[in-house]
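Listed next: structures, encoded as structure tokens.
Both of the next two complexes hold chain A, though its partner changes from chain B to chain C.
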Partner chain A sequence: MDETVAEYIRRTVLKIPRDEIKTILQKWGFLSETQLQTVNFHQIKENISQDVVQLCEENAADIKQAAVLDIIYNHIYPNKRVWSVYQMNKTGEEMEFFDLTDFKKKFKRRLRSALKNVTINFREYEDNAVWIRIAWGTPYTKPNQYKTSYVVYHSQTPYVFISASVLKSNLPLLCQALVVASSYHDIHEMELRSHSLNSLKDIVFKRYSQNFQTYYPRPLQERNVAPENADLRIIQENRSEKERIQRVNREVFGDGPQPKLEFAQYKLETMFKSDPKMDVLDKREPFRCLVKFSSPHLLEALKSLAPAGMADAPLSPLLTCIPQKARNYFKIREKKGLFPGSFVSP
Partner chain B sequence: HLATSLPLPSERDHLRPRIDLIVFMIDIKSKYSLKNIEASLAHVDASFFLGKVCFLVTGVGRVNYCSVDMNAIWKLGEVYCSPVLFCELELEGIRVATAQRLLRMLQICAGHIPGVSALSFGSLMRGSADD
Partner chain C sequence: GVLAHLEMLEAQAYEAAVKQEEMEQQKEKLARLKARVRELRLQRDELRAKVDLQQKRQLGKEEVVSDPAQPRAQAVLEWKIKSVKAMLEVFYLTGISGKLTKRGVCFCISTAYEGTYLDSYYLDLLAKPEVQIHRHSVPIFIPLEQIAQKYLQTDIRRFLSVLSDHLNAYVGRRYQADQLQEHFSDQIEGTLQRNSLCDLLVFNYNVSSKSKTFPFNVRLLYRDLCRSLPTEVVVSCT
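So, the complex of A and B:
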């Protein structure tokens, strides 16, 4: 077995939390059950990985199997990478029947015709998700297995989730190959990025609980009162305001959990509006400014702002439109007319 | 009675008993909180400032998250002639102790402690703070 393959497998195993190693190796299926029995999964990871590599030697693993292990690892722990969402467009034709074999063949061919030194692996999962792992080389060097990009393509949708990692220069090539292989016309990057792949899917596939413009009849107020206000000596003077905030918040964010995003970024290209006496900018040109919101769970944080008394309800539509518009990177230009026209621009 | 700001909603006027003590809670982590208090103070009748108002600054345990200028708070206490208390709501011991203090103040302000008036107690508190 190749030295580099052995090392790659060893490092991949080391990334896995110790309690999960056995399960993942079983999912991999490259080592037999009897072989796995011989490994002590309670020793330190360093030793486990050595044992696993030893077994892989016996089975003569090659880069293809190692790549599959890597795909499995990334499928179980996708949140270690940053994912961007891309959307493909057709020129108005009918949706053709998706042939996976054909897709794989075309993809490989297109990619390899431009760059010979690539390792390409596929793995299919439920809900029509095709995972593609690409290890990039250069025209003069072999593929570097540690410089990988991941693509998750749901064949029944025009959406592709890409985790490009280091080599951004290969992105156009990758996009081209995807378009050709899937018989679409072109592809563009949506302004939507996050660590949480599932949340990105929730947003573009509209799987999160959306706000519907429902009229909540008065009796519903009873709900808020019960557990908190157990002590009848505490009287909330602003109860109706609190309830209004809850209602507005629920209308905007819906009832269920929010998709998990870490950032929202607003690039402002608007004029600085100040007191004429302040005289900060004589020139009438846009004041460039970048506003970035970050949080371990941005949307839940925004949802809790008004009930916590830290912001007025309803929140600015610039913040609340994130899931509906499926974007968390915005460019805001000067308002020319009605409010909706003011933001958004590719 | 808990309120998020003043003035109090007028629809509940007839349900409200006499107000003996107003405690303005300022969250040291939120500038918004201080602004809100400053705006609400304008709605308080001047007679309350004779010992029936107190400022309670919360969140003082988390020094890193302090967003409010301490000078602004001292100034507030000075301008409105009212004592400033500090506490950390997240620690049960301090929470209970602060509640007991406030309760004591309330008893005085409501006139339940013979010989001690709200005004005299207020100036006592201010006097000790200046030391």
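So, the complex of A and C:
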């Protein structure tokens, strides 16, 4: 077995939390149950990884199997990478059949014709998602297995999720191969990025909770609210205002959990409005300013602002339009109506 | 002398200790009494509330008895509400129902396949300046934009009907594929290959006869996205 392959497998196993190593190796399916029984999964990870590499030697693993293990790891822990969303367009109405084998063939052919030194691996999952792992080389060097890009594509949708990592220069090649393989015409990057791949999917596939007006509201789940202290001497003075805030909040955000985004960025190119006597800016020039909201879970945080009393309800539409407009990067120009344009991150 | 002095100090210390103990006992007693007061207050408030409630009920009963015309009006109102609700439910069961909103209409398309109720999809439409889709929960692989381009402005009934056909057919195909995977998993070799629209299904299965097994491959194509039955079937023996 190639030394680089052994080292790669060893490093991949080291990334996995110790308690999950056995399950992931079982999912991988390259080592038999009997082989896995011989490994002590309670020792330190260094030793576990050495044992696993030893077993892989016996089975003569090659780079293909190692790549599959890497895909499985990234599929289970996708939130360790940053994902961008790309949208493809096609003109014309032809609804062609999506044949997976066809897609894979076309993709490989197209990518390899531009750059021979790449490792390409596919893995399909139950939710109609195809995961593609590409390890990039150069025209003169073999593919570097540590410089990988990941692509997640759901058949018959115009959206592709790409985690490009290091080599941005290969992105055009990747995009072209995708467009050709899926029979679209062109592709462009959306202003939507996050660590949480599933949340990005929820936003563009419209799987997140939207509140639609209907005569059949779904039964509200009883939330675990601590029963209000039944001390009758306490009177809620602003009960109606609290209820109004709850209602407005529910209309905007819906009832269910919000998609998980880590930040929203607003690039302002508006004029600074100040007291003319303050004279901050002599020139009447837009005051360039960048506002960035970050949070472990931005949309849930925004949802809880009004009930916590930290902001007025309803919130500014610039904040609440994020899932519907499917973007978290905005450029705001002078008010003729504020309109978000496209933003290229530095 | 010294001994007398020591005795005196000892006595003082003893007195101080006794006093301290007394003080602590008093504190404890005070705390207990305060807690008791709280308890009793709470009980009093509860009983007061109960009394109030009882009084209100009494008044309510009296009012009903004193006005025989009221119950009839109330019964009529209840009947009206019931029949309106029933009408709304009938609309819902037709598969396409809607509710007027401030700026337009919100439609709900409900799907079903052979007696099993499946998902509902929503469309929030604006009426001005022209009919347009504000928000929706239709899956991205349903050609909503194309259908809207064709019919939304001109014939909204047809728009809803065509969209409902697409959605019902998609949901029907998906349901059948799910059922196939669930109930025939032991007969299918390997995995069932499908896609988002469920318009292409490929799977392998074995047929055994006279102690020989023949592997078969099936390819189901659904060219008509408004139908939940395949338009083309290719069965081959590999």
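Everything below uses one rule, namely that the second predicted complex is superposed on the first by the 321 of 346 C-alpha atoms of A that agree within 3 Å, B and C clash if a C-alpha of one lies under 4 Å from a C-alpha of the other, contacts with A are read in each partner's own complex, and residues count from 1 in each chain.
As a working rule, a residue touches a chain if its C-beta (ideal position, glycine included) is under 8 Å from a C-beta of that chain, and two chains touch if they have at least 3 such contacts.
Bear in mind that the values here come from a model prediction, so they are computed numbers and not experimental data.
Student: Overlay done on chain A, so just call it for chain B and chain C: clash or fit.
Tutor: In the arrangement built by aligning on chain A, the partners chain C and chain B fit side by side.
Student: Once both structures are overlaid, what angle do chain B and chain C make about chain A, taking C-alpha centres and a multiple of 10 degrees?
Tutor: Result: 70 degrees, to the nearest ten.
Student: So, A:P17: does it touch chain B (first), chain C (second), both, or neither?
Tutor: neither
Student: Which partner chains sit in contact with A:P139 here, chain B, chain C, both or neither? Use first/second/both/neither.
Tutor: A:P139 sits against neither chain B nor chain C.
Student: Contact-wise, after the overlay, does A:I234 reach chain B, chain C, both or neither (first, second, both, neither)?
Tutor: Once the two structures are laid over each other on A, A:I234 reaches chain B alone.
Student: Look at the residues of chain A and decide whether chain B or chain C touches more of them.
Tutor: C
Student: Contacts for A:K206 in the overlay, against chain B (first) and chain C (second): which applies, first, second, both or neither?
Tutor: The second partner, chain C, only.
Student: Answer with first, second, both or neither: which of chain B and chain C does A:G309 touch in the superposed model?
Tutor: Touch status of A:G309: first partner only.
Student: Looking at A:F98, would you say it contacts chain B, chain C, both, or neither? Reply first, second, both or neither.
Tutor: The second partner, chain C, only.
Student: Rounded to whole Å, what minimum CA distance do you find between chain B and chain C in the overlaid structures?
Tutor: Shortest inter-chain C-alpha distance (chain B to chain C): 12 Å.
Student: Help me check something: in the complex, which residues belonging to chain C touch chain A?
Tutor: Where chain C meets chain A, its residues are 42, 45, 48-49, 88, 92, 97, 99, 101, 106, 108, 122, 124, 135-141, 143, 146, 193-197, 199-200, 221, 225.
Student: Where on chain B does chain A make contact in their complex?
Tutor: 1-5, 8-9, 12, 30, 32-33
Student: Which bits of chain A are touching chain C when the two form their complex?
Tutor: 93, 95, 97-100, 124, 128, 154-159, 204-206, 210, 212-216, 231-233, 324
Student: Tell me, which parts of chain A touch chain B in their complex?
Tutor: 234-238, 240-242, 309-311
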